[in-house]
Amino acid sequence: MLQLDHHPSGRHFLQIPGPSPVPDRILRAMSLPTIDHRGPEFGALGLKVLAGIGQVFKTRHPVVIYPSSGTGAWEAALANTMSPGDSVLMVETGQFATLWQKMAGRLGLEPDFLALPGIDAETGLALAWRHGVEPQLIEDRLRADAGRRIKAVCVVHNETSTGVTSDIAAVRRAMDAAHHPALLMVDTISGLASADYRHDEWGVDVTIAGSQKGLMLPPGIGFNALSPRALEVSKTARLPRSYWAWDEIVEMNKSGYWPYTPNTNLLYGLSESLDMLLGEGLDRVFQRHQRWAAGVRAAVRAWGLPIQCADPALHSPVLTGVITPQGLDADALRKSIHERFDLSLGTGLGKLKGRMFRIGHLGDSNDLTLIATVAGCEMGLQLAGVPLQGSGVQAAMEHFAKQPLPAA
Amino acid sequence: MLQLDHHPSGRHFLQIPGPSPVPDRILRAMSLPTIDHRGPEFGALGLKVLAGIGQVFKTRHPVVIYPSSGTGAWEAALANTMSPGDSVLMVETGQFATLWQKMAGRLGLEPDFLALPGIDAETGLALAWRHGVEPQLIEDRLRADAGRRIKAVCVVHNETSTGVTSDIAAVRRAMDAAHHPALLMVDTISGLASADYRHDEWGVDVTIAGSQKGLMLPPGIGFNALSPRALEVSKTARLPRSYWAWDEIVEMNKSGYWPYTPNTNLLYGLSESLDMLLGEGLDRVFQRHQRWAAGVRAAVRAWGLPIQCADPALHSPVLTGVITPQGLDADALRKSIHERFDLSLGTGLGKLKGRMFRIGHLGDSNDLTLIATVAGCEMGLQLAGVPLQGSGVQAAMEHFAKQPLPAA
Amino acid sequence: MLQLDHHPSGRHFLQIPGPSPVPDRILRAMSLPTIDHRGPEFGALGLKVLAGIGQVFKTRHPVVIYPSSGTGAWEAALANTMSPGDSVLMVETGQFATLWQKMAGRLGLEPDFLALPGIDAETGLALAWRHGVEPQLIEDRLRADAGRRIKAVCVVHNETSTGVTSDIAAVRRAMDAAHHPALLMVDTISGLASADYRHDEWGVDVTIAGSQKGLMLPPGIGFNALSPRALEVSKTARLPRSYWAWDEIVEMNKSGYWPYTPNTNLLYGLSESLDMLLGEGLDRVFQRHQRWAAGVRAAVRAWGLPIQCADPALHSPVLTGVITPQGLDADALRKSIHERFDLSLGTGLGKLKGRMFRIGHLGDSNDLTLIATVAGCEMGLQLAGVPLQGSGVQAAMEHFAKQPLPAA
Amino acid sequence: MLQLDHHPSGRHFLQIPGPSPVPDRILRAMSLPTIDHRGPEFGALGLKVLAGIGQVFKTRHPVVIYPSSGTGAWEAALANTMSPGDSVLMVETGQFATLWQKMAGRLGLEPDFLALPGIDAETGLALAWRHGVEPQLIEDRLRADAGRRIKAVCVVHNETSTGVTSDIAAVRRAMDAAHHPALLMVDTISGLASADYRHDEWGVDVTIAGSQKGLMLPPGIGFNALSPRALEVSKTARLPRSYWAWDEIVEMNKSGYWPYTPNTNLLYGLSESLDMLLGEGLDRVFQRHQRWAAGVRAAVRAWGLPIQCADPALHSPVLTGVITPQGLDADALRKSIHERFDLSLGTGLGKLKGRMFRIGHLGDSNDLTLIATVAGCEMGLQLAGVPLQGSGVQAAMEHFAKQPLPAA
């Protein structure tokens, strides 16, 4: 057991933007004995979680649950709907958008990777990585695609690498305005159950998500929420697929079962997670996240450091990217904060490597935990000699003291 | 919590050939808090489990760990090594061989599906489903493949649907005798850590396995053990792949990390499982399984019912298939045993549907649990009006009383 | 962790008459984080378990919950109601009655220890240890106590050392017939929640119980269920007491709290236990135990070995004592069964040492578990060379196959 | 399960001076299946925990482990060594000393309750409750006891109600100086394994402790560490006792067992706790606590509020009492902090009711957790309109940032 628990005394502060801290109730549920995935108890469990997860995605259509990471769910979305050589329109909002685009290439698709051009004057970083999806750019590109070569528009809802939450409804409107038949595929791996999300209302064809963020589960489940059109398109799509194939899964799910062995104990956890989230009410869950995010941003502003997301309307409720001064190695900072204060922060990914750190404020958290997190960052910044304009901890405390969250 | 635990009073007897009962130690380990998969604690965990799992496969080469079911690991093996239209030689030993072959077809390969022809006189069932892989058939087919169109020989080591454990070393010898360059791919999903297995010594190129059988974990991990040749071949194979791609995983595994989020809590369980298995010693683990299997077979013989595996040399140490009399619905029998005695048995799959049930005797078990299992079957058979020649419980007791397992 | 789990592969069979196997639901509930025993959450928990436990004792009066073993609850019953030198009438039904009588002496009371005289011809054992409390003997002794020196009649409801369940209502009738004012104190440590028990209806003044038997919890909680008269008597009783004193506990319990730190995590377990027991319904719980007990006794009769309880009307639903042939060391037998079959049986206590073993069949169990238990005993007896008249396992199977328990 | 977990989202901050937060490792260990307390596995567990706990008390003599709260261990200490009417010299250091003295009275002893006289000018509170045990007062009283009526000196090492840690070695010296044969009994319920303690070296005869503080376990275990002289005295002491009697327990403990059912699952937890504490090393454990205590006191001083313990040499490493301004109801403050920030603080007990709150900083904690705790207090004080001189959070951060704890 010792080998599994390297942390020093006290509770580790896991403040990365996922995996997020797993509530004790979920950990205990997950540790119940594994059952027969073909037995009657399993069918009841299956039907329950399938019904509940649809409420979280806000869809009346099928949600496919994979034993996989979120990365697997990306592949599933593409493999079920695309054919070799298909063009997909993707938007560079950060590292995860970049990785998804790279995956599309590996799968034999032709990604068209839109990005806001240019470098941000304030930070010297790529402008595209400080902003969200520009619907107008999409609309323009689709209008220009007279041959309808573009088969899908693929965007990231909540960019985990930057803390920018794009406006998906606006993307849908742009596609409609262009009268283009491409499918809309959205990655909300780190947004689901933390940021408001509406699969049906927003007209999304495939939504991709994972277990280890707002659902407060360990990693190991990937999701595809489908639209009827996505299901229709999948019938003729020609990328080879078997594990990810929707058809058999959707069919067997009707009775609460899966064609191959699902990951039973994570489904126990999902059942408990759904009880918690739907019991509290999604609206209040979103309020919690907005409150936390505002508190953390107040702290970053007090320090005088730039927030990665440059557009206030798109600030993520899930995480906040903090840009560190040029010359400072943000990863060395993170390492020292980890060693000194047992606090895990998210690293700067891809183009942001060494230039920022990310504070997760999602899932099973609360005001004091986030104040402690801010304090850990602040002490670490001071120890690293970063000049701060003011106390982020005081700013966060003022924010959180202002008024309580309404009772659940 | 109630919803997660539908079983009546007492411990459920989960005697299917996987998922197998998960030991309490492993369930507790899996319920520890999730950590940062990019943090230093994780790297230590990663290196530990990667080193240990190699010992279980008996290989010095890389083992790839996927967040997936075993079915995903099948796909990974094919996707990394094959190109569209490649011919693969597969052998019909039962339902899982059939499903793998079906998958190969879905992925755009051309499976050549060898089977022992004919119907078994005793039972009216397909002969192929009562026997193992015939090395001579493979050798003949490979010799006939002058054009070297066959790129891989794919066989199932322990057929979970029948209880037949084929001789993999003999398959290798047959391939060598034919001087054919095809890769040897072996599914030992339900054999690993219960039946003796030697990836390197037997010259296997890709071994496929899963977590929920001999490793005594819940489902959710798939494995590919590789040979240097498999890694070499993967560099030019052209099936599209990304999630399953070995290259990035093998590279990042060198430091104990993964390119995408691994399923942390199952890796806690794997760490504990490896401590248990390697602590006891694999040889003793195999002895335990042989002892149990012999006891259960003694019971089936006492009943006078046919054992699915017709070849005594290939009896599985993991499960025993029991053929029920024609006219009896084996699934109705299983259902009544489940309802009356809280005992889960494996169903007859594919061509065996309704004609047999399967008793799992693997993993975290012991003599009394198996006697109870046999008793549950015996009472169920009697209540169903099946004439039995004698008492299987008495036979099993005689077997288990004969001599103890040597101390660990 | 390894050090905490010495058992070999598979689930240990804990078939002693307590501690009984703890259900997974209860183990998980007990492992939730400890809370402030003065906080609002605790008060809600306290009120819940106090209300629920009254239903199990079938009383409308206070039940006192101690952080203690059942032995502590014995002491509490005496310390709250007796004064130095008081005479208490106790009845020798076995080892636990003997220990309670010894305790009374240590506390400065004068126990009057009634026993059926004589030696049992069949077994050479004390007659008193094969029979229950004789109400007539009690009535006679009370009638003879003209000076009303006897302050309490203390009897054991379910003698854990013998498997005899005495008739408490008959004891009350005998006391009433004698018009004697002594208090009636009953130990049902191993009977509660397995055997029918009615604190109020039977006119019991203090009922003593513990957590680790029918309540399916680990050891660590002792109970005193009180009558208004017991509370009244406690006001003038003069044995020194502080930890055990009812007054402050009963007063503080009104708001769900305790005067000193209660054992929070066991109370989590108690809460879960009450949900399980009251959810199933006590009548069905008692039915389950009667069914199991009859099955185990059928096995013992088939072996031709004497059942410790010589009076069929008083057979315990909780455990069965099995008398072994003279010349055989029953503890050596138990040890060999433990080593060979990972099965824990109860030892012969006190006057029965080496002459019997006890099979627990209580709490979280089921038919197959008990058949396995009988099989372990049967194999052990055979290996020890004990001549058996027939197969206990067959007899138990016939019993359990006869008809199912009605659905919950 | 829901009923057991009333807390809102995120991890509750349990910052009372016990029960302290229980580490996950210990919660998991405690949830392993209960075993036979008479079986061989139990004996190994018993011997292990008995050996380890002696190291924590720093004694080579027996330590008695009771299924009880710490209150029970007080009673055990008195019941084993005293006779009716014996005089015991006790010292009023706070609420727990007062309760122990009250217990002595209830048990028929004659407590002589020493206290520093007078009222503290700064706070209007009893002087005695802001100071430690005055060895000189004890020496004087013992010298005056020519008739040797005083049989024991009973002091509290770490007063949980005030945060004052008395100097036990000095008490021993005072007793030696007075050449008085009284036993020295010390309550270190809230000190053990957090504050340095040396049973043998300091010449203590009976040390009383509990599980739910520095040992980081849930409540439910009481301890008595004994001296040879205490054991000798117990042979002739005449208070009635049975449950608490040392003789049988010490005798049976030699083989790792107990005369009555011990609380097995808490002993699993104790085993894990000992692995953690002795693995880290007690000296480092004490360093951690001193560091945390200094950080919290820096915060209180920054606020400008009086620390309950008026003697800097006796500041507790376990908790800090904070005196609130007259006119403010400290319990209303605590309640609002609990509701707003999910932070549990200790209440003002006895003479301090409503005038102070207590911050626990013990066991399984770390710097960030304590900064969060201080922040929760600070926001609550501000919301309650308490004028603060400065920011406690800043002071605590400065303290904790100063230098790291040396590596374990």
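Think of it as A, B, C and D in the order they're written, each chain with its own count starting at 1.
As a convention for this text, contacts are C-beta pairs under 8 Å (C-beta built on N, C-alpha and C of every residue); 3 or more make two chains touch, one makes a residue touch a chain.
For reference, the UniProt names are A, B, C, D = Aminotransferase class V-fold PLP-dependent enzyme.
Quick caveat: nothing in here was measured; it's all calculated off a predicted structure.
*Asks:* Using the contact definition stated above, find the chains touching both chain A and chain C.
*Replies:* Neighbours common to chain A and chain C are B, D.
*Asks:* Measuring between Cα centroids, what's the chain most distant from chain B?
*Replies:* Between chain B and the rest, the longest centre separation is with D.
*Asks:* Compute the distance, rounded to whole Å, between the mean C-alpha positions of chain A and chain D.
*Replies:* 46
*Asks:* Quick one: chain B and chain D, Cα centre-to-centre, how many Å?
*Replies:* Computed from C-alpha means, the inter-chain centre distance equals 54 Å.
*Asks:* So the centre of each chain is just the mean of its C-alpha atoms; given that, what is the distance between chain C and chain D in Å?
*Replies:* Centres of chain C and chain D (C-alpha means) sit 35 Å apart.
*Asks:* Multi-chain contacts only, two chains or more: what residues does chain C have there?
*Replies:* Within chain C, the residues that touch at least two other chains are 1, 5, 21, 24-25, 28-29, 31-33, 272, 275.
*Asks:* Please give the residue numbers of chain B that touch chain C in the complex, ascending.
*Replies:* Answer in residue numbers: 1-2, 5, 8-11, 13, 21, 24-25, 28-29, 272, 275, 279-280, 288, 339-343, 364-369, 371-373, 375-376, 378-379, 382-383, 391, 393-394, 397, 400-401, 404, 408.
*Asks:* Please give the residue numbers of chain C that touch chain D in the complex, ascending.
*Replies:* Residues 1, 3-7, 12, 14, 16, 18-19, 21-22, 27-41, 44-45, 48, 66-72, 74-75, 84, 102-103, 106-108, 210, 212, 218-220, 239-243, 245, 260-266, 268, 271-272, 275, 338, 344, 347.
*Asks:* Within their complex, state which residues of chain C touch chain A.
*Replies:* 1, 24-25, 28-29, 31-33
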